[in-house]
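These are the structures in question, set out in turn.
In the two complexes below, subunit A is the common chain; its partner is subunit B in one and subunit C in the other.
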Partner chain A sequence: MATQHSRSAARFMMAPAVILLLGWMLVPLIMTLYFSFKRYLPLRGGDLGWTGFDNYVRFVTSSAFWPSVQATLIIVGGTLLITVIFGVLLGILLNQPMWGQGVVRILVIAPFFVMPTVSALVWKNMFMDPVNGLFAHLWKAVGAQPIEWLSDISLFSIVLIVSWQWLPFATLILLTAIQSLDSEQLEAAEMDGAPVLKRFAYITLPHLSRAITIVILIETIFLLSIFAEIFVTTGGAFGSRTLTYLIFQRVLESQNVGLGSAGGVYAIILANIVAIFLMRIVGKNLDA
Partner chain B sequence: MARTVTTNRKIINTAAAWAVGLLIFFPILWTILTSFKTEAVAVADPPVFLAFDWTLDNYRTVLERSNYARFLMNSIIIAGGATLLGLLIAIPAAWSMAFVPSRKTKDILLWMLSTKMLPAVGVLYPIYLIFIRLGLLDTRTGLIIVLMLMNLPIIVWMLYTYFKEIPGEILEAARMDGASLKDEILYVLTPMAIPGIASTMLLNFILAWNEAFWTLNLTAAKAAPLTAFIASYSSPEGLFFAKLSAASTMAIAPILILGWFSQKQLVSGLTFGAVK
Partner chain C sequence: MGQIKLEQVTKSFGPVEVIPPLDLTIGDGEFTVFVGPSGCGKSTLLRLIAGLEDITSGTIRIDGQDATNVPPAKRGLAMVFQSYALYPHMSVRKNIAFPMRMAGIPEDEQNRRIEAAATALNLTDYLERRPGQLSGGQRQRVAIGRAIVREPAAFLFDEPLSNLDAALRVGMRLEISELHKRLATTMIYVTHDQVEAMTMADKIVVLQAGVIEQVGSPLELYRAPRNVFVAGFIGSPKMNLLSGPEAEKHGVHTIGIRPEHTAISTESGTWEGTVGVAEHLGSDTFLHVQCPQFAEPLTVRASGEFPVQYGDRIFLTPDPAHLHRFDAAGLRIA
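So, the complex of A and B:
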């Protein structure tokens, strides 16, 4: 159907987007790779020559590296666990017949639209402040010692904040998937006497597996690079320094660009491992 | 065929869903309420829920003290500019991929998506350096470009998904009726494409408005949008909960309203069409 003429017009129409994205991807990537093999300290002598894989070795052997990997895993893993489990439960709940479904949906989705700096600061001050926060009032009301949320249990607190931001996303996607579930199948199982838990385990959960996978992959990509939530709450202190935050500090705070760039390459590799799985699913969907 | 639901069960569902919904919404509600309190009431123990003297002082203080208008303008210009520029570049691309697909279309789409997976921090210094060299640091132009590039894959994908659903036969029918290319675009395609373009615009405006990595790292006093303005409250002096709440409410209110309109497109937009 398409003529030679329309094909070249199509190529011409695609060119700006393709060229821009190619530049956006390649130029910084090549620069990061280049810096990662250099000893480069902009404030202390600038470019001090090639160092081979020195930065890569130093990045993973520095004392801050493993704690940052641990913090990253806890934040990503904890948030995934909370958002997926509660997302499934909430999705099922919201799919039930009720009054005011539309309003409840809006209430549940709202946190997703709150800018990260706002949600982090509101939680940090108005809820988690050990003196004036709501949680402190609550703890005192029941006679307990208020918790120093962001210093004593900083990782848990950040997981709580980030989960609040991402629960709407998980819920919305899982709800959409639940809505496409064939209700007749569930009814048939119900009539055959299958108990609620079995119906959930053998019908609902398998049906949701693809949506859950997508939620996990997309959230992982975004969660690996959360920044503002840490920047305004702890500034990376109290064991909350993630890999992303460590790289940020190396590059912009201590201006050790070579070392930070090596860290950046690790982060890119890590993100790409997750991305490959996501792309496979999305790609399959494209054929259908 | 429909399952008969007992009223009892419906009442339980309603109560449970509303309880959870209000719990999740509570931090936002609390922020909005606190923005109308005095600083002393804002930290009162036990907390005051509704029975306080409502005041607009915090809004007045924030508006007077902090150049709020400039941060707001920066947010609007940056998010709006990035979205419009993105659409301008993405519409032709998505259009041609949807209507003149080739063997490479799928690969190109997936490759575009893959650029979205690049962690920003991995390229922080190069972008920072390029910005310094080109004098783009702390400029709205610079942020418009970066946020546009960041969201371009999502824009292309969303538009492609929408355009795909426009049936090609309609074009052929119009052509048979003697419509010129101009008529075709103006009277047949545009009306059908506008809803898709509008929802793409909405979602990407929201994403750009809330972006908080590049906006924090590439701006200072001049081009800082609301994300950075709010972040400046992270090391305050004295009592500030009510003022923080007022500033926060102003920063999120427009997006909450836009967001509620876009919730339908959110799922397919953010999962790249993998969940519909």
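So, the complex of A and C:
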């Protein structure tokens, strides 16, 4: 029974948690906003007073800004594309009855448990190194010039590394969705004269749309802020500087807290634009 | 056209032989019902005919042509599944259009057939709905509609009514029978409900453990069951099967007498017993009678109402003209 008394008691009891969460969110946000209007150079004079929107203007007009937004979107988009497509294919493959299914499934999920820093290092040194990497040996074995993965096609290489990490997640979610597909529907379609590819397009894919939306949503949230993979591999060079990485450089390498904070505010705005965009699609797909 | 012929067809799942060699001919335009207890291989047999399952050995002929290795879509058969198997993300119209779309039938012809099917099945008002927004009976009709528009050589139904409630089942049963009369297309219908089998079939195939026990018209099966299994399976309530001294009086191993072929009297008769449970249906009364010489209680039918109480003494007289005799192997003795 929700009497006036018990309700106010409930509010009182919940208050610590709510205040903690609010503080957790609000303090960094307000500090970011606060610093973004300041000229604050910790090693070059510290707090040099208010500057209005100066930081915002400088951040956007810097030649690094648009390329960084572009790099962010390419990494997020590319990874989503690869993980969703291969996730669906792997999910279908793993759903087939085969020998050693249990072991194979665990192996497929394994990359998800490797820390981003570690996996990026492994990829950088063991696979993509132009001299000693496995890929280099492979290329040499067929008589080709080894590719300088991380400098020549740095964005693609990073997309590859990040996709490797996120593919298990996509596969797992999509596999469970595939398993929930009623096999009689596929058989009905088979009898209705739909060959394999059409069965996939008309029955399986629509059935997966909800799971795909969820994969896209969750991955986007995490991919917008990837950092370790870039830090460890290219250090932001060769056009692989994302918005997150640019902010990091402004704050820690240039020691310009104000400018970095302004960048942080832009990142929040970008994330929200993407989120609104996604929520529209998700909302539509989750309703159906 | 839709004559289906199975020749020495077998099916094994790994080491388990579900269907031992089986021969069966289903005539063009016939309404054939596969009936049998759960797990006897009815669905498997239907799926073999449909091509959804590969046969282990033997030959399937459709209209005389060898169809053993023909893929399901090319056999010209349409199937209605127990779960309906409608495509949930498509409207009713798109569901019905799907097989025609796959076959590349022109749009206006598609629409003509959809309208015709929708009118025949009372679906006109629901064409733009999704399957999720339909009742069980409506979904069933959509599934049938999707099968009709293909104009198949034969329809295959796998327990299509088992998800419906009793009243709806009776209604749909009639609709399917009517559909068969109108289209005159071969239909194979799987059920484990012997009332459905009796009321709908031109020909009943009784299966047990993958073996055909008897094939015949409903009345043939009712009048002259070939063995004890068919005798007990066809007819409701079940035939009373009696063995022991009473059967030996007739010189056989087992005798069978249907509940409706036993005269009941409160004064005199062949067998004496006490009334157990009495089921009053209004039109009939079914009495369960315990006779001292039989281990199992007998079921007997009295027309209309029969005024007896639990524990009353009662006399039963089997009609000798309707007494079924079976030998030790369970086979009928003519």
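What we mean here is this: the second predicted complex is superposed on the first by the 255 of 288 C-alpha atoms of A that agree within 3 Å, B and C clash if a C-alpha of one lies under 4 Å from a C-alpha of the other, contacts with A are read in each partner's own complex, and residues count from 1 in each chain.
Just so it is clear, contacts are C-beta pairs under 8 Å (C-beta built on N, C-alpha and C of every residue); 3 or more make two chains touch, one makes a residue touch a chain.
None of these values were measured; they are calculated from a predicted model.
Clash-free side-by-side placement of subunit B and subunit C is the outcome of superposition onto subunit A. Legend: residue contacts after superposition of the two complexes on their common chain; A:Glu187 is shown touching both subunit B and subunit C. Looking at the shared chain after the overlay, A:Ala10 reaches subunit B, while subunit C stays out of its contact range.
Using CA centres, the angle subtended at subunit A by subunit B and subunit C is 80 degrees, rounded to a multiple of 10. Touched residues of subunit A were counted for both subunit B and subunit C, and B has more of them. When the two structures are aligned on the shared chain, A:Ile203 is found in touch with subunit C, with no touch to subunit B.
In the superposition on chain A, A:Leu223 makes contact with neither subunit B nor subunit C.
In the superposition on chain A, A:Leu80 contacts neither subunit B nor subunit C. Between subunit B and subunit C the least C-alpha distance in the superposed model amounts to 5 Å. The interface of subunit A with subunit B overlaps its interface with subunit C at residues 187. Across the interface of their complex, subunit B is touched by residues 2, 6-7, 9-11, 13-14, 16-18, 20-21, 24-25, 27-29, 31-32, 35, 90, 93-94, 96-101, 103-119, 121-127, 132, 134, 137, 140-141, 164, 167-169, 172-173, 176-177, 183, 187, 210-211, 214, 218, 221, 224-225, 227-228, 231-233, 244, 247-248, 251-252, 257, 260-261, 264-265, 267-268, 270-272, 274-275, 278-279, 281-283, 285-287 of subunit A. On the subunit A side of its complex with subunit C, the touching residues are 182, 184-185, 187-195, 198, 202-203, 206-207, 209, 288. Against subunit A, the residues of subunit B that register as touching in their complex are 3, 5, 9-10, 13-14, 16-18, 20-22, 24-25, 27-28, 30-31, 34, 43, 45-47, 89-90, 92-93, 95-97, 99-100, 102, 106, 108-110, 112-115, 117-130, 149, 152-153, 156, 206, 209-210, 212-213, 216-217, 226-228, 230-231, 233-234, 240-241, 244-245, 248, 251-252, 255-256, 258-260, 263, 266-267, 270-276.
Across the interface of their complex, subunit A is touched by residues 50-52, 71-73, 77-79, 81-83, 85-89, 98-99, 102-103, 146, 150 of subunit C.
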